[in-house]
Structure formats: C-alpha cells, structure tokens
C-alpha cells in the first residue's frame, strides 16, 4: 500500500498523493519534498520503487529480505538506511523489532516496511493534516523527526525490562526455582538482542552526526546530535541491564548455596544430637543376660541423664561454632 | 529563582543583579563577566533563557528534561555542558546525582539546575561577598573553579563506598547471609552508576583539556588538566571498587562452600562413628531364642569392646584424611 | 583436475577449455575473462600454476599447505585470497571448513581447492551452460558471485547450531547429566571455530570494501559491501551463540545446584522427623528392670502421642521455613 | 630538608650546596647541572620552591597533596613528573608506594618527596662522593639514572609476590580454609594496586620515549627506551599475577567442591550399608508374640547372612559406580 | 664460542671463519654478507662484540641479561632483535624459551645465544656446507630463513599442548580429582606464557612487515608476511587453548557438582526408605506391658505389610520426581 505526501517549494500547499503516476511525476520535478510510504508492499510496488525511483538493484533486494542490522549506505543521489522500530510483547516478555527501509534524497524520502508501525502511522496522520509543518524544513529535518520518534519508542521497552529485572531479583531472594532461572535466561537474550539493535542504530546515527554525509545540512546536525546522545544513553542502559541480569544469575547461585547451607545445618544439628543418644538406647536394648546396670534401680535415670548431657554438649558445640 | 553576579571590565566594582531586565541589559553589553544562576526555574524563566540569551531551542529543551549523562556541545557563541554533582544518601546507601546545565560564553556563564546544590550555593555566597576574585580571571577560570568544586564532591562519596565495601567484606567472613549478598548487589549498582557518571564527566573535561574548544584560553588549560587528572583517578577508584565488589561476591560463594564443607564433615564424622555401633547394638537387641552370645557373661563387655574398636578405627580413618 | 572457462572480449562466445596448452595460451592474451578451477590438483598441476601463470613461489607453497585462516595478499598483478567454505557434519555435530585458494587478476580468476565444494561445482555448471552471464561483467563481479555463494553457505550452518543450542538448553532443564555438558562443550568449540573463520573472512572482505585494492572497480564495491554486511551479521550471530552457550553452562550449574537443594530438603525433612521419634522408641526398648512407665497402661498411647507431637512440630518448623 | 649538588660546565669541580641563597644563585646562572633534593619539606621550603624556582602554583599545590598516579606535564621551561617508588612490607604483605615529585629543566633537576627513599639516598651519596659522573651528561641522562633505579626497585617486589602466590596455591591444595581465601583476596588487591602504578609509570615513560618532549636529547632516548621495555615487562608480570590469583581462587572453589564430594561419598557409603541392616535388626527386635522365625535355631545365623548379603550388595553397587 | 660464515660479493666462494682478527677484518669491508654466531659467549667475546662491531652499550648489556620479551630496536646502522626459540619439556609438561639476540645490518648478521639451539645449529651446518645458498640473497632473506625456522618450532609445541588439553578433558569426565585440576592449572600457566612470547614475536615481525625498517628490501617483505601470518595463527591457537582450558576448569566444577548430586540422591533414597520403617520396628521393640497389637497373631505380618507400603510409597515418590 503506497501513500505519498508532497510539499511543493515556495509556500504552495501540501498534497496527499495516491496515484503511482502522480507520485512519479512529482518525484521527477526534483523540488520541494516528497514522502512516499510503502507499507507491506506487493512485488509490483517494489518493482515500481526500483524502476520509478531509479534505485540500485542491491538495495531493492535488501527491501525484500529481512535485514537484522540497522545500517546506512551512501548512493550519491540518496542515502539508504535500515532502522528498526522496537515493540515489547507483554505476554511473551520478548522484544520484537520492525524493520524500516529508508531512501533519503534531497527532495524525497521513501520509507518501506512490512508491518504497520505505530510511529510512522502517527507521522502519516500529521502529514495528512498539516504536512506543511513537518515537511517544510527539508528532508534532513523530516528524517530526524521520523528517526527521533522511532528511537523514543525504545525507552518504554527499556523501562519495562528494568521492571522485569527487578521482579526477577525479588523472586530470586524469595524463592529460587528453575522457573526464575529460565526467566532470567530469557531476559538476558532479550536484552542482548536489544543491545545489538541499539548499538547498530547508534553507529548509523553516529556516522550522520560526524558529518559523513554532505547531503545533510549543518543546521540539522544539532538535532541529530541530540538523537545520537539519546541512543548512547540507551546502549548504556542495555549494557547496565546486561550486567544486572548477570549479577542476578550470580545471586541466584549464591542464594541457592546459602539455602542448601541452611538445610544442611538443620539436618546436621538434628542428626548429631539424636544419633549418639539413640546409640545409647540401643545398647541398653541388648538382650545379654549379664548386664548388671539393667538390674539397678538408678540405671534408667542415670542413662537418661547421660543422654541429656550428650545432647547439651552437642548444642554447646553448635553454639560455639555459631550454627545456632 | 534567578540570581546574577556581574563584574564589569576595567576594575569597576562587581554587582549582584536580581531584575531580569537588568540582567539582559548587562548580557547585551558583551563585556566583563556575568554569571546567571537559575535554580528550580519556572517555565517563564526558562523561556527568558531561551529568548533573552538567544540559546538554541534544542538545549533549552534539554534543560527541561533530565539528562542522565554529562556532555558538552559547541554552539559557536557558547559551550553547552551538562555536569553532575554527586550526593551520597547515608540511609539508602545510594548515590544521588544532581544535574547542572551550563551555558558558557566569553562574557557570561549561565547555570541551570532543578535542585539546590551545596557547591553552587557556596560559590554564590563567595560571589555575593567578593565576586571580584572568582569572576576576575574570565569565564574559563570561573568555570574551572565551579567544575573543580563539583568534582571534589565525588571524593567523600567514593571514600564512603570504600568503607561500605570493607564492611561488607568483613560481614562475609563473619556471617554470610542473604542480607549481606543483597547489600553487595546494591553497592555494585551504586558503583556502576557512579562509574558511568565519572567516566562521562572525565570525557567532557578531556575534550576541554585537548584544546578542542578555542574559547578556552591556553593559560586556563593547566588548571583544567589538574581537574582532568582528578577525574581519571576517580574513574580508576570506581573501577577498583567494582573489582572489589566482584571479588567480594566470589568470596561469598567460597565462604559459603567452605562452611557447608565444615558442616558436612561434622555430620559425617558423627554419623559414621555411631551408625555402625548402633547396628551392633541392634543385632544384640534381636529376640532370637538361639543367640548363644547372649548367654555368656563376657558377651556384654566383648560387644562394648568391639564398639569402641569400630569407633576408634573410624576416628583414625578421619585423622588420616585430615578431617579432624 | 583442471577445468577452465573463457569468455573473450567483445561479445564473442564463451568456451570451456580442457587442454593445459590452450589455457595458457588464452591466459597470455590478457583479455576477456578466464576462470581456471583446479580441484585436488596433482603436483604437476601445481607446478603448472606456478610457472604457467607466473605466480609467486610463496603462494604456490601456501596452496600446498592447509591455511587455517582466510587472508588476502596483494601481488600487484593479482590478488591472492584464501577463503573457507563451511559444511556442517550432522552426525559429528561438527563444522568442517574447506579451503579455497584464489588468484584473482584483471583477466583471470584461478581457484585451487583440495576437496570438491558444492558451491564451486554449481558455479562451474552455470559457466559450462551459459558462462557468458557470470563472466561477462569482469573478474571483480565474478569473484563477488563466487564469494557471496560461499558466504551464504554459512547461514544454514549457523541455523543448525541455533537449533542445537536450543536442544541443549531444554535438556539442561529436563535432565542435567555429564553427557549434556559434554555436548555443550563440543558446541562451544564448534562455535569458536566458526567465529574465527567468519571473523577472518569478514576482515578479508572488509579490506576489499574499504577500496584497498585498486584492481576492483568502484561499481563492484556496492555488491561487496552487501557481502560484507552479511559477514558482519554472521560474526554477530556466532558471538551471540557463544554467549548463549556460556549462559547454558552457567544454567547447568544452577540447575544442578537447585536439584541438589531439592534432594537435600527431602532428605532433611524425612530424617529430622524420624530420627527424634526413633530415639524415643529406642528409649522404651531398653531393658532396665526399673522403668515405671512401662508398667502403666497409658504408657504406650502417651509415647505414641509424644511422637506425633514431635513429628508435627518438625513439620510446622519446615513450613515456617517454606521448605514444604 | 634541602640538599643540592651542582656541577658547573666546562670541567669545573662539582659542589655540594646547603645554603638556600647559594642554591638560588646557582639556579639563576642557568648553566651546568643543579640537582636539588627536598625531603620532607617544610611549608617554608615549599614556598621557596614555588618562588625561588618560579614554578607554576598548580604544581606546587600538587607537591603538597598526595597524588596517587604517576604523571608528566610539560611547562615549557621544565617538565613536572610524579613517579612512585615501591616498597614491599613483609609483615603486612602489602605494597607501599612513595611519591616523588620531579621538576626537570635543562640545567636543573628538583626532586621533592615526603619520606626518605632508599634509591634517592644512594644517588645522593654517589653525587656527594663523585657527583661529576652522574651529573656530567646533562639532566636527561641524570633523570634516566634516577628513574631507572626507582623502576628496578619494582622487581624484588614482584618476585616476592610471585613467591606469595605460589605459597597460597600450595596452601589451597593442602588445606583450603577461609584464612587462605582472605590472603588471596589481599594479594589480589596488592597486585591490582601495583598494576595501576606500573601502568601509569609506563605511560609516563612511554610519552618520553615517543619523543613528545623536545627537551630530551635523542641520544638519551635509547636509555629511556630500555627503561620503557623494563616497565612493559613489569606491567605484564603484574597482569600475569592477576590471572594467577584469579585462577587460584577458582581452584579454591574446585578443591572445596572436591573435598565435599569426598566427604559425601564416605557418609553415603557408611550410611547406605548400615541403614538397611540396622532395619533388619530392628525388625527382629520387635516384641510380637507370634514371630515364628525367632523360635528357629537357624533364625539368627540366617539373619546375619542376609545382613552380610545386603552389605556386600551395597559395596558391589558402589564399586560399579567407581565410588570406592 | 664464535663461529662465522662469510659470502663475499660477486660470486666469490663462501668461507668459514674462526679467527677473531679475520672476522673483524671481513666486517670492516662492509660488502658481501657475514654471519657471526656467538653461542654461550664469554665476557671477552661479549666485549669483542661491543667494540669490534661498534654496538651500542645498551644492547650489549641486554645480551648479558635475560630479556623475557621479544623486541626490535632500530640503531640506524643495524637492527637489534630479541627473538625466542621454544622447546617443550616432555616430563615437566612445561615450555622453555631460549633467547636469541640478533644484530642485523646490511652486510652482517650477528646472533648471540646462551644455550645451543637446534634450529641455529642446523642453519650453521647448512652454511658450513653450502653457505652460498642461504647467504646469497642478502641479510634480510637470510634473517627470514632464520626466524622462519625458529617460528616453525612453535608448531609441535602447540600440537603437544593440544593433546595434553584433550587428555585433561577426558580425565575430568572420567575421574575429577585434585591432581587433574592441578594439571589444568599448570597447563594454563604454560599456555599463558606461550601466548605472551608468541604475541610479542608477532608484534616484532609485524613491525617488519609494515615496512617500518627501510633496511629491509621490498622483495623480502612477501616472505616476512608469510612468517607474520604464521605467527598470527599461532597466537590464535594459544588463545583458543586458553579458552579450552578455562572451559575445562568450568567443566570440572560441573562434573564434580553432578557427581555430588548423584551421591546425594543415592543417600537420600536409601535413607528415606529405611528411616521410617526402622522407626516402625523401633515402636514394636518397646517394652510396654500394655501394647495389645503385640499379642495378636496378625500383628507381625501387618507391620511387615505397613513397612512394605511405606517403602513402596517412597519409591513411587522418587520415580515421580525422576530421581530413579
């Protein structure tokens, strides 16, 4: 599905275009700013992109495939960027990335994406209503507006992961089970994935900020620099989360060790108190004919006393070792 | 709340300004040195900053937001810096950072911060009393004085954390519990946070020291270099603390393992001594009619002797294994 | 076994050559594009390569040896590349690499490999049928086609390893045994090996992409850049897999600890309930003459009651500790 | 306490100076080579340094403070260096560093240190006796002689730490206790500290070797390069020691695990042999009236035989599992 | 012991020199190529090196000392290199390095080594027989031949270590004892040492390959590049071995944990089956007068039945938990 928004130069009113012919005609004028958004494009629409906009066959091929990594390539007439929008799936506790392929020339911006992306829908709505504002400062400012909104979408995802990590940490101290461990492992995977995407995105924006692409006006760079700082902070957040999850797993091991230590102590205390006295009882349960103690009236109380002494001795030993 | 201090050029006396009109009038003269400090600024005051001092809309926006990372951007007429003051909260055992946004031109310094910051209050007091001294050597020397004091504030925080780490280490050897583990985990988080802030601060000052900003006079650089060395040492301290906490956690595991080993040994010694002799007692507690030993007068002492032999044999075995 | 394909310049039809004389004669013309593929070359054929094509003795020597690392060297007249095809051995769960030595000049490409390689066989078939297409755009485009296919072969191997890692993870949670551990260790080795090969391959292609070799036309670089991005992603996949295996091993330790904790709890619960009551039974099994309780009709039920109380007290203690 | 040694140019005899007036007078001549050593300087002596030798106030301030990090700053007329001598405290098993602040101009070298340092005392003695030799080749050669001796002092410290690590390793295998663990932790701290000092020292000398300071004659650089290589090897030694200590701690965990495994096996073998046979004895200790086996003459030997069989079966089971 | 081989220019026959006078005379001609090999040199011979060949006193001093690190320094007239030959001591399972100090000028190569080195002896033999071949292409080719042979000696050592690692791995799965752990620790040390030597050697050759020394002819660089690739692969092998040993140690911990888990399960199963039934036997071993069950003929079989039920219940519980 192709939708296009066009702002002609010199203050003329903006227009929403839907006909392919019309779009290509406007594209060929090479003035003003044209934004073409292709959502879930058919093979025909892809072919149109390639031929109508004279794009390099390699990049049209890349639109067809899933590209797991943000990147930016310079094709003299336009830049080709792959950026990723991020979405957090609440139930699966997993992060989903949505690829956006962008062709970005002086007088046109072309976005191609498989799935509907909320951020782009919003920008489309704003363009439909008062496109003049967003498109009026040129393609580099428009691109910044688009990318900045996509980047901002990372923040709630990172916040949600922060919450999850805290949850897992508390579970570890409350009840360390295999299930918690599995959850931590899944979180680790999610954060690693997010980190990879954010790092690559940062590098892409970093190349823009360093002024590597002369197409971008110097005035626009201040805005891109802001987006870059934003991404740097996100990458750091992800790294921090990675450390926290690693620490959580270490804590898990420690907590389990600690619990086992507790369990062992209880077992040891009970066993070492009762095993010796049970032995004494066993001795006087023997059926030898000649066991003189058995005949004495003081035998029974004396044995009970010995048992109490043994038990108290053990307790004293444990207290000295600080076990109880 | 806006407060301003102004030192005119050519030895005229310094003045404390409070009226916005007056401040802007002085700002427009572009001579001497004007310091404007905005604490917990209202929206109106922020708007004044933007318009009155002709600041870039991006940086005014950054004043409004919380910026988790120190940074420095160059806007020809002025530098925009974000630095962080550090405060250690004794009860929560956590570090709190307070953001200061600084605009720093040839003839003016503009500081913006949400919360009152002790260091800045002190500088304000000194300026109110004898502003001439601090402001007299130009904005780069004044900035150094300000930043250096903020950096110095890190030291007591790092020292306090050193103490806490030592406390945790001693607790680990004395009594390794989940609570100690949790405390180490919190400390780890605090140190990681401090490290991130100090690193970013170091990078910001590092860019100044490398002479990246021609606004700063060469004579002032020697002072900034001192501040830079200071920050390098702080970053190293934080890295060292990180290592120490990691080592503490490892030690925790080892100590717990060691304790469990001790507990196991006691259990094993008691159990392996008494289980066999209890078995012997059990044998002679059986009620078979034909058990000839039971009839012999030497039966009872002989069995007691066998039991003693078994127990001594076990003890010998443990001593050979160096368990006792 | 030597096979050669030749496309003369200026639209003349391509030819398949088999005679060594013929191949050398065509080589000396230095026009069009000649591809010579040597599979499992004999010493004679190697000598032919060295002399007939005037190759440096060092590189002919390197053809003879196994080179564990992809590389590219520039010999003015030609580039010498070592690249590796990858094959996954299903039964051994191991990765096998097949070395291809490539000499790559303006008018010729010479490939040398010990074992038959599926990718190269396919290209050979295509050249035999309609060589004109693949050879028609010059040696740099032809090389890209060859290398790209070899790189694409990595993907199924990486996918298969992903599956294996998931299998191992599930086994760890279901039944953590030495065998699973050994399997994880073998996987780790495989991934480390793959990572080394992919990294070296990436560096080789990276040098091409950076335009280090003027022999390669600028138009071809866009295609090579695509191959480079592909390799970057593969290296990242391998790194990710490495992290996952490391995490799996850590998980293994945690799961085993957890299991042991479970086992210990069951043992402790059973033992601490029955050891004290068994002791009580032992006491009243003693044969002292004077044990007044034994004579009372309420003695037996009272003792049973005491035993039940002790057992219930233990159970209450365990529940309070959240063990059951 | 100030001591000074002066070698005038053109072969005149060297002199030992003690009067401040005299020293300053010689300093102002700016010829020959003057070495002033200030040990445990008073505030007055520090003031003299600042004014008399026209030093930058920042560096005089740094002499007053403790600087935890070697560094070198260039002040046109002189270099300011902070280097650290190292001393190993045998009893505390800790490393102590002694700071030396050095001002190093064409015609003078000024050393400032709080504590007496053996190396400097030795150089002072040599200067007092035949100062001509050490001072005769200019300040850069003299500085090299001084720094080289200070660096050489690291070696015995590193050797001593090597011995300590080996001791700890042996203790771990012999008797892994908390005390050994604590000792390893302290060693780790010591090595980390030494590493930081050596690394910073290496970087300082590295900047000299790279010819960053034109004050140093090219002929002298060969000597400095030797000192640099020396420091590089020291840093590597410290890194190696760090790895060894980390490995020792890991080994500790393994050894403790292994010991616990041994203990558990003994417990398990004893318990699983005697628990079943004790049960059998318990059965025939029951007082039921109708237990026909008890009446048979073969009952007792038969039960003993069953017990022996059970015990042997258990032993066979353990041997099959390779536990004994 | 000094031995020298000389190949005069312009096709004259090579000569073996033994007299010091003769050697120095040939050295002063500065034509052809002279190789002087000093093995286990006396102080006199060292002095001859210094004076006769006009070497820098610093490097003569370095010949006297043991230099733990390969390095290369440029002294205009000659290069000074320290390289290390490697030898694997089969019994100690340790690596021994033998230092070779090389002075390498346009018309002479001077090697100094303390111990006899097999590689150098071989080169000496070849020079004695047909020195013309090895010396005929100039000092840079001769040096390559020498260094290449020394590097090749690393390979069997690395292979032997690979075997040892595999041995250790198998031992860990078969029988994880302290002795295996100690062996792994020693191997780790050996590999770390080898890695350090190989890395430094690689860096030395790397500087040659980058063309840092104009003394070396461009044609010779292709050969040096081959040696460099060789060293890069060795460093990677050593890194790989390091990872394998680290993994082996981790595996050790896991295997020990696993074994302990097994032991615990057996103990728990036996104990939890017999402890309850032993208690029941104990109850009916009590000597109360009023225990009506004891009088019943069905008492004994009923109790046996209850015991069997308890045991079967326990077994069912263990099977449900997948312990047996």
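A, B, C, D and E are the chain letters, set down in written order, and residue numbers restart from 1 in every chain.
Simple rule for what comes next: contacts are C-beta pairs under 8 Å (C-beta built on N, C-alpha and C of every residue); 3 or more make two chains touch, one makes a residue touch a chain.
Just so it is clear, the model here is predicted, and its values are computed rather than measured.
K.L.:
Hey, how far apart are subunit A and subunit D in touch steps, shortest way?
P.N.:
Between subunit A and subunit D, the shortest chain-hopping route counts 2.
K.L.:
Since subunit B and subunit E are copies of the same chain sequence, what is the angle of the rotation superposing the Cα atoms of one on the other, rounded to the nearest 5°?
P.N.:
Rounded to 5 degrees, the superposing rotation is 145 degrees.
K.L.:
Can you work out the whole-Å distance between the CA centroids of subunit D and subunit E?
P.N.:
Distance between chain centres: 25 Å.
K.L.:
Round to the nearest whole Å and give the separation of the Cα centres of subunit A and subunit E.
P.N.:
Distance between chain centres, rounded to whole Å: 41 Å.
K.L.:
If you look at subunit A, which of its residues touch at least two other chains?
P.N.:
As it turns out, subunit A has residues touching two or more other chains at 253, 257, 260, 264, 267, 271, 275, 278, 282, 285-287, 291.
K.L.:
How would you write out the ring, from subunit A onward through subunit C?
P.N.:
Moving around the ring in the direction of subunit C from subunit A, the order is A, C, E, D, B.
K.L.:
Which of the residues in subunit B come into contact with subunit A in the complex?
P.N.:
Subunit B residues touching subunit A: 56, 58, 62, 67-69, 71, 73, 75, 175-178, 181-182, 185, 188-189, 192, 196, 249, 252-253, 256-257, 259-260, 262-264, 266-267, 270-271, 274-275, 277-278, 281-282, 284-287, 291, 293-297, 299-300, 303-304, 307.
K.L.:
Within the complex, which stretch of subunit C touches subunit A?
P.N.:
The contact residues of subunit C facing subunit A are 169, 173, 222-223, 225-226, 229, 232-233, 236, 240, 243-244, 247, 250-251, 253-255, 257-258, 260-261, 264-265, 267-268, 271-272, 275-276, 278-279, 282-283, 285-291, 321-323.
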